[in-house]
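Both complexes below contain chain A, partnered by chain B and then by chain C.
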Partner chain A sequence: MTRRYDLSRAGIMGATTSGTARVSIMAVLITVGFTTTLFLLAGANPIEAYLQYLVVPLTKQFTLLEVLVASTPILLTGAAVAIAFRAGFWNIGAEGQLLAGAVAAAAIGPLVGDLSPWLAIPLMIAGGALAGAAWVLVPALLRVRLGIDEVVTTLLLNPVALLMVNALLHGPWRDPKTGFPESPRIAASAIYPDLIPKSRLHLGFVVALVVILVAWFVMTRTAAGLRMRAVGLSPHAARFAGMNVERTLLRVALVSGAIAGIAGVGEVAGIQHKLTSGLSSGFGYTGIVVAMLGGLTMPGVLLAGLLLGDLTVGASSASRALNIPSEMGEVVQGVLLLVTVGLLAVRHGRVTRSDPPPDEAEVDLEPAGAGSGEPGPRAPVEPVPI
Partner chain B sequence: MRILYGLTLPDSGEIQVGGQVVNIRSPRDAIAVGIGMVTQHFSLVRPMSVAENIILGRARGVRLDVDAARRLARDASERYGITVAPDAIVGNLSVGEQQRVEILKALARDCRILIMDEPTAVLVPHEVDALFATLRRLVAEGLSVVFISHKLGEVRAICDRVSVLRRGRMTGTVPGSTDERDLARMMVGRPTFGVGRAMADERLVGPPRLRVDHLTARGAHGLDVLRDVSFAVAPGEILGVAGVSGNGQTELGEVLSGMRRPTAGSVRVDDVELAGATPQAIMAARVGRIPEDRHACLVLDMSVAVNLMLERVDDFLVGGRLDQRRILEHAQDLIARYAIKAGPHDRVGTLSGGNIQKVLLARVLSRDPRVIVVSQPTRGLDVGATEYVRTELLARRAAGAAILLVSEDLDELLALSDRLVVFYEGRIVGEVSAEDADPERLGMLMAGRGVAA
Partner chain C sequence: MNWIFDLIAATLRTATPLVFGTIGETYAERAGVLNLGIEGTMYAGAFSGFAGAYLTGSVLVGLALAVVVGITSGAIMAVMTVTLGANQHVSGLGLTIALVGLSDFSNKLLFSGSGTDLKRIEPFPAWDPFAGLGDVGAIFNQYGLTYVAFLVVAPVAWWVLGRTPLGLSIRAVGENPEAADAAGISVARIRYLALMIGGGLMATGGAFITLAVLGSFTLDIIAGRGWVCIALVIFGRWRIWRGVGGALIFAAVFSLGLRLRIVPGGDAVPPELLLALPYLAVIAALAVSGRNVAYPGAYLKPYRRT
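== the complex of A and B ==
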């Protein structure tokens, strides 16, 4: 019997999570602090509000399943964003890629009525993945070939995707009888089966778990994942070691877009069964919160995705129970993102401000807890001379 | 220089300006006491006009007084003969003109002491003449200038007094008219031998293994930084590259490592053409690379074990997965063989400079390279690590590797190299064998005074 070498735990693969876990927990605590004031302003008891937000949804089977339903798209977009960020591709466009995937699903779904679900569903998933990847292809190429900042280009393609959805719904796909801006229903064989009868929990949740599992394996256990992380942590060192940085970035970007596209397929095939303009309530953006809060690791994404799903379900019931605006849930999410990013920035900024002697300089530049290997936001890292 | 401008804080000592001790903690303090600096890399906003650049950082209040800046630029051009059009866009100006804008900027802040760091490095000859004329006029007006340069000819042409710094110490201050040979001697000093190489008799002489022909490359400024460089290194030979920093050695290392594309010329290892090849192709030709920016060439946030296998990830796969046990064993093996004081799980960023260098050394040497390109191998290392690195390189030489050693440390070059080439402004200006390498002559060559012996 050989000894089990669990290197990822021990940190050999650069995947220890203690540092990021600390940041995430602190982010949650600070957010609770901040939002307490907001709840008071809204005239609600903050403790009661948080019970409503986080605990109550877990106490009933129906709402518990709804939590999983709400988590499904953001687990996928969270994984998509985390993978991209980990490699240093700042994909802010998961929202647009999700919509592109949804469009593909809505286009394929009505045509596959003659096929068995075993063929129809994989076909739709593949179509959605391709569409999501296609949506990020241009920003990825611009970044890799011309060095054009993908933050801007991926972000700007989000409203373009929404406009495309609306153009389709008000144009060729408009319901000819009712005139509603909705695409034709997808075929029965293309609908994600329910996991539990009489609930809305659908196959998409399993798809999300499988994607996260595969992504975790690839990131921590394969050469491709190692290259990806090396490129994200130090493109220069990765190139020096013989890695093709551009190719790695391009692949990661496409995979990220594909996963976001699959999230879009899930919303069409699992929930709406057709394309509507209200398909996504910002799942792509929430994915950024999930990824950052999860420390860009897959176990972290799983936890953060479920937490935010909980929060979403809680927010809608809390608004009824406590008579506070349902937008409070989004406010809490927004604060959570800002606090997480802020904490990461502080952690990087604090240590980089020192001015060590030239040669040994970089040794001390990285934060003490950066064994996690998460790159953090890039903007505040460089101290500017003069 | 960085201390004078407040970019680095001194550990001890004091600075006096006009007889008064001043405490400079930031560039703002430096400007306040009348110190201005013009660095090699200009801090100009390229899309803005000259006048706008001049008032930048001095603008108080809401309204921008661009007219005042224009006036100032015009006055200056009359008084000091610094001619620049106030409304010209900086990005459209030549490098020499941009430098004038930098000087104007400093003058506009009432600077009384102007520090110029290698001001001629980015200039073409006639711009140098214009700069010198400007500086002479400014000095006549009462400005003090600290002119930092490694070019003896320039120093003698423009300076009243010369202070020579070597390894952070002041070697002495002499009149500007001092003989070039004496200056060169002060710059280079007497070599002291540490680790010595075995003498030439055991050298394996054969056809060159690494051949570089007519290599030309551009640097960050878009100017040629390597110009028609040719040399060859035989198996079992160490060829040293000497030169003051910034004369093309960095770029030579980058080109040979696959990190910079040359614009012309060839690099061959055993007749395999490698000019412009990827790092991967270069490694496949069994070239080992130990770069001068060692921190940037390791992934500091990853473990020692991963960094040790990063150049050959594909060798550690089993059925598509990384074989973590072999990665660990490989790391433990190299850590023991190269006396790295760290565990395989430690983040490379937490290691000392010496151990970081040993990680690179282990990664490179464990692949038994036939050619080694190594830059500044012992810079910043303590004595023990320095000795270790040098011993390893000599062992590789004995084993028949062709080694190109780029170093700013003349002692190191003289101790290790069989032959030396001297770089000056991107060219090889001289070649000497180790036996008759003479510090004074090397110093002259390095300072651009390549008198034929």
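== the complex of A and C ==
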């Protein structure tokens, strides 16, 4: 008996371990093969293309700084998404929250010309954070009070935010002289100062680093961070342990929205110096890629944000040098996200199959109604198999 | 009275892609998989349908290509969520990002080389069987795909899901995969099938916009319609006809909003507010009707034999 048991167990372990290796290799091969095909379709040498995408941006000072500029908003949205996902709040609305923050910055920016930058800039950041948090407030309340899926509500508010921006730009904020849909320029004291003269690298990058550092500290070193992670791992167990799951989720959602809002402030105060409708090129969605690639941890977000910043700059340099459409960057992002989430699932699958108890524990704590067909407040979301 | 018939006709036209998308998403979710790839699948359907029609000169070939692309998209989603058991939210978003990027990439590669003029195709002609009836007949002046959506796809989808062994299997693997497995149903195969059927329908909805309504492809052409379908599925509580009803209500609000702009004094309201109205209406409807809805039992859960 023992021998048979050992054999079968070894068989399962062996099969899944070699399976993981196979899937990892396959995933990398698929990504490379897929992108290589696209490069060839675009008529470019794939090796040259990879160099353009990943290496060339890092070789010159100007493009290296551009990488940091490009990573600034996605570091912040990545952090915002990672925090929310970690607690099991599926905030897909960072794009809308970012735009809300940008609107607030564009509203406050022109009014603070009389203040010193030391007051004007924090005021604008606070305004943007509040606006971002406000934009996620309704989905968050609907989730914790009524159990309504936040994925749908946060998503639906993204197009609404863009419509709000366009309404402002074509309405009250339209440039009265030129008629351009651009808001009034923000005051000089509200502009994020450049970190390095003659570059576009602005204070926003430091803001992003500070936010990530604080978020890392809170998530890993404080009781609030522990509660947050516990709620994300198993809401049932967290509630059983006496934690207020709803309050934790609400706070996490608001913090997430606030960080995304700060990302919007950075684009207005650091780059555009006014509100334009093309302010965000999907930074909120890229934030999801950053958060997942970074394994929902802050050091991971930092690395993934810089990598995707590199890819963004690489995509535009490759489109100039090799005539590859810059949309390729978006394709790579999507494929990377799929590969990452697939690999994580395979790794997780191996862990749970050799070690089943966590799932069973969760089932035991579930209210009896869930099994008897009675509508629960919400399908229990399992945040683990990311 | 004329404007009422015009409004009804516009509502049916606007609702058509939503009906395809909502039914497609309903199939995926009833099998237990939330497919957030819907936005990208509709986008890829819109693009591939147009590209196929432009390159071959036949809208039917375009439509067929869109369906194939949609089925492929559903299969990719199935590999991610069924075979690998990956997180459904993130897989779907990744699929959407990849498909939108891929469509825009291909669009630039295929159609931006020769000049900047908008490439056009000869779209599906509208069908007007009751032209003799005057104003009322305007309601029936619709594209063939609109008739297909309401008179073929919706009843067949309802019948298959509710009245056939296949539908029972789909509902079973979505509600209780363990029991379905014990009853000899292959959970993986049924989920693959449901996602592929759903993907084909979603892509058809996207292709309707390029192949029938516009006759051309422009960037951001789906503009969040896929996300609206996700909400409509919940609003319809995973039932085909309730979902179709939700699509009609959404389309009516949307069409009414567009028409309010041309009534006297209507230009005082920013048009963006009217465009945002349907999204806000869906959220409000979810807030009112979405509480305590019974999600499919295995919603978001990958199935593993233990």
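Some points to look at:
One rule holds for everything that comes next: the second predicted complex is superposed on the first by the 313 of 386 C-alpha atoms of A that agree within 3 Å, B and C clash if a C-alpha of one lies under 4 Å from a C-alpha of the other, contacts with A are read in each partner's own complex, and residues count from 1 in each chain.
Note that a residue touches a chain if its C-beta (ideal position, glycine included) is under 8 Å from a C-beta of that chain, and two chains touch if they have at least 3 such contacts.
Since the model is a prediction, treat every value here as computed from it, not as a measurement.
Of the two partner chains placed by superposition, A:L58 touches none, neither chain B nor chain C.
When the shared chain is aligned, chain C comes close enough to touch A:G334, but chain B does not. With both structures placed on the common chain, the touch criterion links A:T153 to chain C but leaves chain B unconnected. Note on chain A: of its two partners chain C and chain B, the one contacting more of its residues is C.
Contacts of A:A237 after superposition: chain B is touched, whereas chain C is not reached. Shared-chain residue A:A223: touches chain B; no touch with chain C. Contacts of A:V206 after superposition on the shared chain: neither chain B nor chain C is touched. Counting contacts as defined above, chain A residues 373, 385-386 meet chain B in one complex and chain C in the other. Partner chain C is touched in their complex by these residues of chain A: 23, 38, 41-42, 90, 92, 138, 142, 146-149, 151-153, 155-160, 163-164, 166-167, 170-171, 285, 288-289, 292, 325, 327-335, 337-338, 341-342, 344-346, 348-349, 352-353, 356, 373-379, 381-382, 385-386. Note for the complex: chain A touches chain B at residues 2, 5, 7-8, 10-14, 221-223, 226-227, 229-230, 233-234, 236-244, 355, 358-363, 365-366, 370-371, 373, 385-386. Across the interface of their complex, chain A is touched by residues 34, 36, 40, 76, 80, 84-87, 89-91, 93-102, 104-105, 108-109, 112, 223-224, 227-228, 230-231, 234, 270-273, 275-276, 279-280, 282-283, 286-287, 290-297, 299-302, 304, 306 of chain C. Residues 7-9, 27, 43, 257, 259, 278-280, 283, 289, 291, 295-303, 305-306, 310-311, 313-314, 316-317, 320-322, 324-325, 327-328, 331, 344-345, 347, 349-353, 356, 379-380 of chain B are the ones that touch chain A when the two sit in their complex.
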